[in-house]
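For clarity, chains are labelled A, B, C, D and E in written order, and residue numbers in each chain start from 1.
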Amino acid sequence: MATSTSNAGPAAGSALRRGRRRPVDSTVRVLLVVAALVSVVTTIGIVIALVQPTIGFFRQVSIIEFVTGTSWTPTFAQKAYGVLPLVAATFVVTGIALAIAVPLGLGSAIYLSEYANPRTRRVLKPIIELLAGVPTVVYGFVALFALNPLLQKWWPTDTGPAFQNLLIAGIAMGIMIVPTIASISEDSMAAVPRSLREGAYALASTKMQVSTRVVVPAAISGIVAAVVLGISRAVGETMIVTIAGGLTSDRIVLNPLEGAATMTAFIANISSGDIPVGSLDYDSVFAVGALLFLITFALNAVSIRMVRRFREVYE
Amino acid sequence: MSTPTLTTTTTRPDPSAPGNALTQRRSRPGEVAFRLAMQACLLVAFSVLTALLAWVLVKGWNRLDSRLWTEMPTGLVSRLDTAGVQSALVGTLWIISLVAVICLPIGILSAIYLEEYADNTRWYNRLLELNIQNLAGVPSIIFGILGLGIIARALGLGFTVITAAIVLSLLVLPVVIIATREAIRAVPQSIRHASYALGATKWQTVSRQVLPSAVPGIATGSILALSRAIGEAAPLIVLGAVTFITFNPDGLDSGYTALPIQIYTFITRSQSEYTELAAGAIVLLLAIVLAMNSIAIFVRNRFEKRW
Amino acid sequence: MTDHRLPRPTPSDPEVSTVNPTDTTSRPGVSIAGVGAQPTTASQSEAADPVMELSAVSVYYGAYEAVRDTTMPIQEKQITAMIGPSGCGKSTILRSLNRMNDLIPGARVAGSVSYHGQDLYARDVDPIEVRRRIGMVFQKPNPFPKSIYDNVAYGPRVTGMKVSNMDDLVEKALRDAALWDEVKDKLKTSGLALSGGQQQRLCIARTIAVRPEIILMDEPCSALDPIATAKIEDLMSELSNDYTIVIVTHNMQQAARVSHYTAFFTAEVDEQQERHGRLVEFSQTGKLFTNPADKRTEDYITGRFG
Amino acid sequence: SDGDKLSGEVKVNGSSTVAPLSEAAATFYKETQSDVNVSVGTSGTGGGFERFCKGETDISDASRPIKDSEKEACAAAGIEYKELVVANDALTVVVSKDNDWADCLTVDQLKTIWEPDSKVTNWKQIDPTFPDEPLKLFGPGTDSGTFDYFTDEINGEEGASRTDYTASENDNVVVQGVAGTKGGLGYFGFTYFEENADKLKALKVDGGSGCVEPSLKTAQENTYQPLSRPLFIYVSDAGVKKEQVADFVTFYIERIDDIVLEAQYVPLTEEQKSTLQTEFDALKAAA
Amino acid sequence: MTDHRLPRPTPSDPEVSTVNPTDTTSRPGVSIAGVGAQPTTASQSEAADPVMELSAVSVYYGAYEAVRDTTMPIQEKQITAMIGPSGCGKSTILRSLNRMNDLIPGARVAGSVSYHGQDLYARDVDPIEVRRRIGMVFQKPNPFPKSIYDNVAYGPRVTGMKVSNMDDLVEKALRDAALWDEVKDKLKTSGLALSGGQQQRLCIARTIAVRPEIILMDEPCSALDPIATAKIEDLMSELSNDYTIVIVTHNMQQAARVSHYTAFFTAEVDEQQERHGRLVEFSQTGKLFTNPADKRTEDYITGRFG
């Protein structure tokens, strides 16, 4: 057998010097950095898009009124710019959504991760992930045309909930985020090392004890991250509340049977509406957008920290 | 070893008759109840979701035929029964193809940079990473505001297919980046080391070893991202896509409508024909989205290597 | 080479005879292996008081027979070591002793494992009660991500032990595990904040807190440094006054240092090129290391393979 | 229109009230000129003008006349335009079919109900002969031309309204809300009432000369006062210079009766029609 | 105990003197350790021809000094083994020999590693060229998820070797790695479809395909069964005719069986309770195992700790 190769000779030492240029490598590097910068530009773009009109808004409306006022009527003749009604409606809907999604999602996750046999799990987990992809406009439709009639029909008293109301929006949103919470918490439970479970079983624990006292606490930061992500999705969700949640914002509505505008519903309605650019009303959309951005920013920060902690524990 | 002063009342099981105790199975009702409760959660979650989807199917049943994609929307209430959503379907396909072209290369390259090239002890790289994680959680409607203020107006791209595609690309960019990073990270370090140990350069290692191994994960993430973009309505509403359109887009600067937007406008109409049509269009949208997600999940489960 | 590398077991060790290395099974292709059933051995001495007995135990993972036909006793308040090359089924056999194999889908045990005469795999046996009496310590220290105190208190709590004073119980368990002095001022800190060796002693404390009769240990020192290893080995010797201990180790020196009995396993390749774990020799530790009855044992302990 | 095959785009945007007219026009037009792409956006009257005055659209749908501020914006951008009245609408005050006590309300009564800070929460407060039934109010979104028009006519100032009622962009909300609430009351365009006449009852309105019911006839005759209103399209001069836009507008005007019928609005009177023709001729001449 | 557990290196082994076990460093608290710089040793024989030399090498991970002050030679066409308890820095030192440490963020090498007199860490040295000449085989067999053929051809391709006939080159590499006969009919199948031992030989073939001068091996047999291990050991002996080999192993028997030189490392705990790897003794293998100069070496090889 003849090959034209030879051992790197003893003279190799000097040949170690950087001689060869590698143009492909340096070109690629530039390309990669440029690509990575797109996301930075996006964030900067968002901030720019929000900041200027928001400053314009706060030139005319005091920040105090904005954060403490209890009426939001920028499109009426008697204008009021207290954002609390929008925030309140947002959190009522989010609260209802969580009340549904957290138990269902967590319970499903515990069942899948601790009880279901591997075959069931292999089938069900992808289906859950599949359902996480259903577009939100579908949930809005379902809320208005399926859940609402049901609610009206089964309502015990004569005066049922309003046609658009926070309750159905919350329920639809809850159903929407169940797959997200279930899937992420299941991931974090699956990441709890076998050794911890074995340790617990070896101490004569039952399955429930292992699930509730070892697996869930060990996965808690992942579970919290899932819930925070659920909150942030609910807070930012637009279509369901726009379709099914109502538009009232002249007062703080806490009764879920009434309709009310969330931050996103307000933005969606007004920005497709007839307000002229540069007007105070137009700027109000961006002020609310900026507030929404800040709230979800804070939630994301919490969630990112949680996820990181949950990674650190076992890696 | 043990301190004699310490007294505890605990005892071992009697070693003389432990065999008997072993067989006295304690009844554990809490155990059964817990299991059933967890099972019930899963069952309820599933049945509600499937019931809702089934309801949409029933509601739109009358409209589930070729009219949906061969016919254009109509402005004539009297002819609603012969209307379809062709322009929205084609608009959606246009947008999604453009999103794929814009978003996937940028997303995958960003992920390669972060995973393989960036020194994550540097503050700017960590900031970059944080920025991407954070963007992933920014509500979609905010991207609509970005698109309206910057892309449509400041950059002057107007209310066109390309504006919608750029906005949706930026929206799902973090999804692609994060999924690609996961896929790249799943390629074991040992493969990279083996390649370097043979004298390969960084890009050789990345392009010949890491990326081929990460393809299933990248494909999965990409498909999921695209299917998310297909279903988004909120940013398009802000972008003024609520438009009656009876023609298919014919270029990047063309006007457009998209399925979720079309569905939204149908929902706001009071005639029951519109509700039916909305349900039909939803089934069409779901079919596309769920098919894409199924492919993604299949690819992941089938081809992703368990190292 | 001096022979201090193979110390005899503790001098108080009762004289127990080596099991005859005759093959009691009729499986073809296996030259010598296994041990005769303990009671049939003529040279049986008075000290032999097996608290557990394996007879003809085979363990399957699905259709794959990981370990074949193991027969051996576990003597009370003695340390029994299992050694052998990787993959020969040591861990598998160990886990079959307290039904930890139940947790692996598809795992199945044939033959009988008896504990005080009771078959552990009888239908009406509650595996949770089994594990209450036969505790286990794992290769990698696996403290719960809870406080040191809660780690130790976990077992008594979940098993519903009637405890008059949990603090005392935790203290005693930690003292017995020779960890008390190092952690007494930080019982509320996380068990994960300890060093590897301390974590492993915490796992031992956690196990003895439920007062089991037998402690199974699967390579308890392999993740530890030499100093921590030495501490755990001392601890084992001390614990063997009160507990029966079974330890799996890949370290022959360790087996030689701490155990009273040693079982040597190896893996055989059968006609279908499948590897199956087999018990080659079971014997008093001193005997096995100085005068192995089987050629494969000798090859292994002299480093000719593995 | 002539027989030539035209192509290109026609961009219409604006009022959601007028949109059904323009959509009908676009649908009919497609049958004759299949290569002309007519798009009809609904950003509301104001949103439409915003784009119109930036030169982004050719035609703006409007359910109220252009405001001074909007005129200025158009002037600033050098956009010249013509205003064309294409149909009439009668804002209809509706109650539930279960409402057997009210048939007619005066403008003053409507004002007490809808004025800012109104404390009316019960039918009894409107008229002592009405039963003790809680009043629930529904109305269109606050950013619509319909809202602007109603508040202007009833409360005397555009946008002046009580705020504690259920407002929605979604037609269904008013229809379902009023239909399902015995003491419900709401208002919207005549079309929506026509489409849902089986579920709702329209009230007569007394604008000072007796109770008049909303109908095609009363709206056309201008006796349904003050709530009948004209609907407009604004056509930009620059737009009309484009052949396909001019052709579309011509088509729109020629077929206006079919279009109004299809969209279920109140057709133009002969007088309005001839004005329309004159206006358009002027526009074409200018182009 | 017989001494066949510590066979001498291959008989053809040239006589090479043991380095004097005197401490050439002035660090306090270290009784004896390290080796004097090779050339200064009086008993230096003619066979000593170090192709690489480490002098005063310390390796840091961030601020943590994982290995301190290592001075030792790597002799040409000899097998040098590194042994020592877990965590003493064997892998760390090995990786410093072909700049694989560059790939670990925060890792840093102090002191000098020279290769044919050229400092490997000099600013203008291209690490890619270094790795081209100094190959590496890892603990866990890590074939690329490609065909067997492509695994072997990968190195020549990426390094841009001028190859007249790739098929021949692949065949030769596989032959040299003693794998050819087993895989010649399935060169197109995936490298992952081979058994563990075959995979490891494939990794060796892959490495020698680029014709390096030195091959570093980090516990190349620890994931293998005894039969596969024996094959790899034979292969190493054969390869040492052509290549310089450095091997890390946790298995003293293996070091004794295959290597010509052995470096024994251990971990010392300093005043701040931090552990640092130290080279304790470097010597000809026969000498180190039969007549260790350092008490710690003796303790280790006789199984008193580790």
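Structural remarks
By our rule, a contact is a pair of C-beta atoms (placed from the backbone, for glycine too) under 8 Å apart; a residue touches a chain by one contact, two chains touch by 3 or more.
Computed from a predicted model, the values in this text were never measured in an experiment.
Under the contact definition stated at the top, the chains bordering both subunit B and subunit D are A.
Farthest chain from subunit C, judged by C-alpha centroids: D.
Put simply, the C-alpha centre of subunit A and that of subunit C have 49 angstrom between them. With centres set at the average Cα position, the gap from subunit A to subunit E is 51 Å.
Note: centroid distance subunit A to subunit B, computed from Cα atoms, is 12 Å. Averaged C-alpha coordinates put the centre of subunit C at 86 Å from the centre of subunit D.
Annotation for subunit D: residues touching 2 or more other chains are 42-43, 47, 169-170, 172.
Residue positions of subunit A touching 2 or more other chains: 144, 206, 243, 272. Those residues of subunit C in touch with two or more other chains are numbered 128-129, 132.
Chains touching one another form the pairs A-B, A-C, A-D, A-E, B-C, B-D, B-E, C-E. Against subunit B, in their complex, subunit C makes its touches with residues 51, 115-118, 120, 122, 124-126, 128-130, 132-133, 156, 161-165, 168-169, 171-172, 175-176, 178, 211-213, 238. By the touch criterion stated above, subunit C contacts subunit A in their complex at residues 98, 100, 103, 105, 128-129, 131-132, 135-136, 138, 140, 142-146, 154-155, 158-159, 192, 203, 206-207, 210.
The part of subunit C that touches subunit E in the complex is made up of residues 1-6, 85-87, 225-227, 229-230, 252-253, 256, 267, 275, 290, 302-306. Contact residues of subunit D toward subunit A in the complex are 42-50, 69-70, 73, 116-117, 141-145, 151, 157-161, 163-170, 172-173, 176-177, 180-181. Looking at the complex, you find that subunit A touches subunit D at residues 71, 73, 75-78, 144, 152, 159-160, 162-164, 243, 246-248, 250-251, 259, 269-270, 272-277.
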